[in-house]
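Following this message is one structure expressed as structure tokens.
Here the chain labels run A, B, C, D, E and F in written order, and each chain numbers its own residues starting at 1.
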Amino acid sequence: MSGIVVQNIQRAEASVIDGLARCGVATVHEAQGRTGLLASHMRPIYAGARIAGSAVTISAPPGDNWMVHVAIEQIKPGDILVLAPNSPCEDGYFGDLLATSALARGCRGLIIDAGVRDVRDLTEMKFPVWSKAVFAQGTVKATLGSVNVPIVCAGAAIQAGDVIVADDDGVCVVPRAQAAAVLEKAKAREAAEGAKRTRLGAGELGLDIYDMRGKLAAMGLKYV
Amino acid sequence: MSGIVVQNIQRAEASVIDGLARCGVATVHEAQGRTGLLASHMRPIYAGARIAGSAVTISAPPGDNWMVHVAIEQIKPGDILVLAPNSPCEDGYFGDLLATSALARGCRGLIIDAGVRDVRDLTEMKFPVWSKAVFAQGTVKATLGSVNVPIVCAGAAIQAGDVIVADDDGVCVVPRAQAAAVLEKAKAREAAEGAKRTRLGAGELGLDIYDMRGKLAAMGLKYV
Amino acid sequence: MSGIVVQNIQRAEASVIDGLARCGVATVHEAQGRTGLLASHMRPIYAGARIAGSAVTISAPPGDNWMVHVAIEQIKPGDILVLAPNSPCEDGYFGDLLATSALARGCRGLIIDAGVRDVRDLTEMKFPVWSKAVFAQGTVKATLGSVNVPIVCAGAAIQAGDVIVADDDGVCVVPRAQAAAVLEKAKAREAAEGAKRTRLGAGELGLDIYDMRGKLAAMGLKYV
Amino acid sequence: MSGIVVQNIQRAEASVIDGLARCGVATVHEAQGRTGLLASHMRPIYAGARIAGSAVTISAPPGDNWMVHVAIEQIKPGDILVLAPNSPCEDGYFGDLLATSALARGCRGLIIDAGVRDVRDLTEMKFPVWSKAVFAQGTVKATLGSVNVPIVCAGAAIQAGDVIVADDDGVCVVPRAQAAAVLEKAKAREAAEGAKRTRLGAGELGLDIYDMRGKLAAMGLKYV
Amino acid sequence: MSGIVVQNIQRAEASVIDGLARCGVATVHEAQGRTGLLASHMRPIYAGARIAGSAVTISAPPGDNWMVHVAIEQIKPGDILVLAPNSPCEDGYFGDLLATSALARGCRGLIIDAGVRDVRDLTEMKFPVWSKAVFAQGTVKATLGSVNVPIVCAGAAIQAGDVIVADDDGVCVVPRAQAAAVLEKAKAREAAEGAKRTRLGAGELGLDIYDMRGKLAAMGLKYV
Amino acid sequence: MSGIVVQNIQRAEASVIDGLARCGVATVHEAQGRTGLLASHMRPIYAGARIAGSAVTISAPPGDNWMVHVAIEQIKPGDILVLAPNSPCEDGYFGDLLATSALARGCRGLIIDAGVRDVRDLTEMKFPVWSKAVFAQGTVKATLGSVNVPIVCAGAAIQAGDVIVADDDGVCVVPRAQAAAVLEKAKAREAAEGAKRTRLGAGELGLDIYDMRGKLAAMGLKYV
């Protein structure tokens, strides 16, 4: 099953990808029916990054980062590396040298359900990473994995070329074929939220804006 | 048991609440006999916030944030929302729209033994949250919970109107009826610490200041 | 086994210690054959600190910080306190008063496989701590532990006088007797990395720099 | 707050307690409106035990089992010891000697949000324990806690004299004053379940028995 | 995305499924290239069960077991229910009544990345369950999920009709289309292991049987 | 640091080892001053095993069980394999084939801070294992580790030849040089416990047997 590199993956349109980045994780997640989130243990190494890009997926053995080198060759500008270990691992697969290499290829960031190191350097380089751990543990280059095959990363099924959206709230995956439609819904949601925000900010209650009082009473809510 | 909203809760005096905020979590915790802390997994979404307020409690089903809307109506200026899910959950019950609404009512922050989202916006709005997780997972509005009933949040028993103190060290609850007495003890403790800090900073040892050497020797401590 | 304070520990040379601090955790860990890391749950209370120093070790009962006072007397300028509880614990053994005292003795920081409190104050004082938890829970002074005995802290065996290196990547221990040799290897590694960084930054691939293509093909890697 | 032993606690009627034991945790939990469960990490040391009894509560410092000795004197036949450490701890507060002593007083078992040891002996003695951990770590007798004060154990608020129900599903607490009413509801629930079990066992579907098809269709469920 | 029930799923041949059950999880996992395992937190409620069957998948909201009723109608004899909550949850979605219903439809067991209750009854009924938790927490029937859609359960991507193999080692999924081929490889592996077991049992070393000494020496292994 | 096999390790006397097995983990742990326990996550794969033996230590890369084969050659009858991965891992390093081989060499069991598989077979073979996980995940044979070097396993520092004691309470290590002395203390403790057990079983209280009432009163314990 391992030992495969898929070379020519399809990607969503750049304008769609960038639009999704602007919407952010929470909005995109809602827009696609509350799906696509990676687990909450995927945390950014620094606050404030907000990116989207096409997934270059990596399936890697525990404690072995050989496939990261293989994957970097597959990066096109605007891509995001997404690494899932074959079994739970928090070793530091990735550090400042690999980030330098990935950046040189136009990579926008890394999503890794394992560890990352050199986080001070990565922060200075503005190379954002969402990871399960910060851990300096070194890795070997001894066993094959695969690149651009379907993976499950932090509980989410991801195909190469899917759109990854990541910000301070975490990480969300949008299937490539649905990216444009999801963007439309996300924008619609944002527009709708603007009006609500104004009303809520003026002190109006959600109970009234969303007309919840009747339903709550019908369910039996009692004020005492 | 669910489906109840208690409307007129009693609160501690504003000056007492604000005094507790100035003392901070560690001091208040010590002042009330080392009680009242919420579990250490309750972390702030940004560093530097330091608040106290009266608890408006929310008991909510997992993945259902309907009761947050109900609770917001019960907020008086200076209150803090405190949400405990009925069973372990890390969904994102709360985001920027609810924060906008809560802020409009005078809410000082949120304590939630579950997830929060839109943390970048909340940080910009200076709406502090202490939570178990940052997670964008959306929630439904389908099942009743209760507002202002006694809850257990992150291991601490909390009644509506109790004083919540929260800062970078975590979260502490002070029973309403004891708030004034705890504040007195906390201030006394702070005063006592000032003198100790000066002596310790000058290089004097705790072993001497607290007169520990004799007791340590009596217990059998051996220097080799 | 408890109740012992070892007073005159040996330390590595100051220049070696400072050299290791400049290299940082990831490089030092690699230089000594990928050993010495403390577990990834040991996180800094603020970003950006980068220290090295000689370990003054503390073996402490759960929830009892008496031995910290004993240990502070043993600190020489440039030392780092390293505390391991006898059994898993996340209580707040250490806060601003103890930090004031430790700083007065020349202490560079604290490594604690338990909790720490007053983190806002510690951050302002620039007293760095790597801990398992931030937790205000108070501790007692009732039971003996030991100071400067061998401990296991967060999965790493540490002797008093070993060199501790800590930065945003975590914490690494270097056996005292090997510190100078490890520093040499770390410097060599840094030098070698500089050249690689330049080539990778120019877009050259690791696959080529490290001559991996042949070995990957021999292992059976397939491009499709 | 610590250092108190409440001596004369009220207990529910023996027949009510024994009736709740027969109903079991899941049924009792449902009967009281889905409340009262302790966290799922509370697991039995052996399968098959099914008990109920009046809670003798213990609030104990981490790693200090002195109060267990104090609590055993307070046991009346049919009681259950319930221990919550002041802060997270998994030390082995309790083993075969304490079990021998507790059994001699008529104790029915132990609920402990910490560790237990000698589990082979306890199993042979048929002394059931629900605990967070099995861990041999010894404890000291140095610091006071309290007995029969209100505690939060594994996420549940428990008063001395409340009824504890425990079986292979975990642990549930029933407030003493509600015990008789909860037993009535639990019995009613059991009776209702018998009929349902027969119909379900005969192949009838819950969709039909509970008349769910219309509501599901109204909610938009689509069969494809 | 939710609210869909796929009715006519394809299944692997019964003889293939039963053959995979006999091989067991570890062998099947190896035979398909070390893929398909669910996370190690999926533990059986009792020891000794060893089953295989076709997956009837359930995507369910947290704390809401309505879709289990919907799924039971879709069961054919020999199937296994596989439930993944939309977000992390350990509530008790399933107990003895649902097991009675599932058994009446020919269901062989349940795989659930959440909680289960009535485990004493399920054990007596010989209805095996692999779950993340044993927890009596009740669930509601208020929100739609889906049945027989692709899910990620405990880190593994599962399609309806895939073959689930489960035993004391955990749970493995075999894609339906590969089931027959995997069975062949699993049988071949078993045959090969028989001979090795005999030699190893006679005291021959793996170092010699697998001819490892030369490669180890070449890698630099040193005997001292 | 890796790639070393220490061949001729020293072992404690067989009679001492067997005596420690009879005393069990809790007693041995107490007898050596409450030291030596491995973390509580090390659980037996079946109940009832109670062993002691000399440690043959294995330091292994994550997901790589090559060194287990190397270690088996070093086993003498009565030894116990003790494996610590270089970084956190729960892969199944060990199954029925390796157990067959180890048993043929006289091995008494396995202590592994990682995963084990084929647990049904191991149970039938009566080959006891204490592990962090049961997990079928296969491992590779690609990278060197070491055998019979000092390791830290589940938080305990272990040297080759140290005595491992393991039973239902967990695992404890006794330094080889102290084994005989620890056995004497353990026997003395057992003898003393016998008398206490009789008195406690007769209803006498620990408060009286250990003469605690005065000290408790002096500390301020209040009966209300």
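FYI, a residue touches a chain if its C-beta (ideal position, glycine included) is under 8 Å from a C-beta of that chain, and two chains touch if they have at least 3 such contacts.
None of the values given here were measured: they were computed from a predicted structure.
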Contact-graph separation of chain B and chain F, given in steps at minimum: 2
Intersection of the contact lists for chain C and chain E: A, B, D, F
Where chain C and chain F overlap in contact partners, by chain label: A, D
Euclidean distance of C-alpha centroids - chain A vs chain D, Å: 41
Approximate Å spacing (C-alpha centroids) for the pair chain B, chain D: 28
Contacts with two or more other chains, residues of chain C listed in rising order: 34, 37, 40, 86-88, 90, 135, 137
Touch relationships between chains, expressed as pairs: A-B, A-C, A-E, A-F, B-C, B-D, B-E, C-D, C-F, D-E, D-F, E-F
Chain A partner contacts - residues on chain C that touch it in the complex: 24-26, 29-30, 34, 37, 40, 43, 47-48, 50, 167-170, 172, 193, 196-197, 200-203, 205-207, 210, 212, 216, 219-224
Of all residues in chain D, those that touch chain B in their complex: 1-2, 32-35, 37, 39-40, 86-88, 150, 152, 155-157
Residue ranges of chain F touching chain A (in the complex, touch as defined): 61-64, 86-91, 135, 137, 140, 142-143
Touching residues (chain side chain D, partner chain F) in the complex: 3-7, 46, 66, 69-70, 72-73, 90, 92, 95-98, 100-101, 103-105, 115, 117-120, 123, 133-138, 141, 144
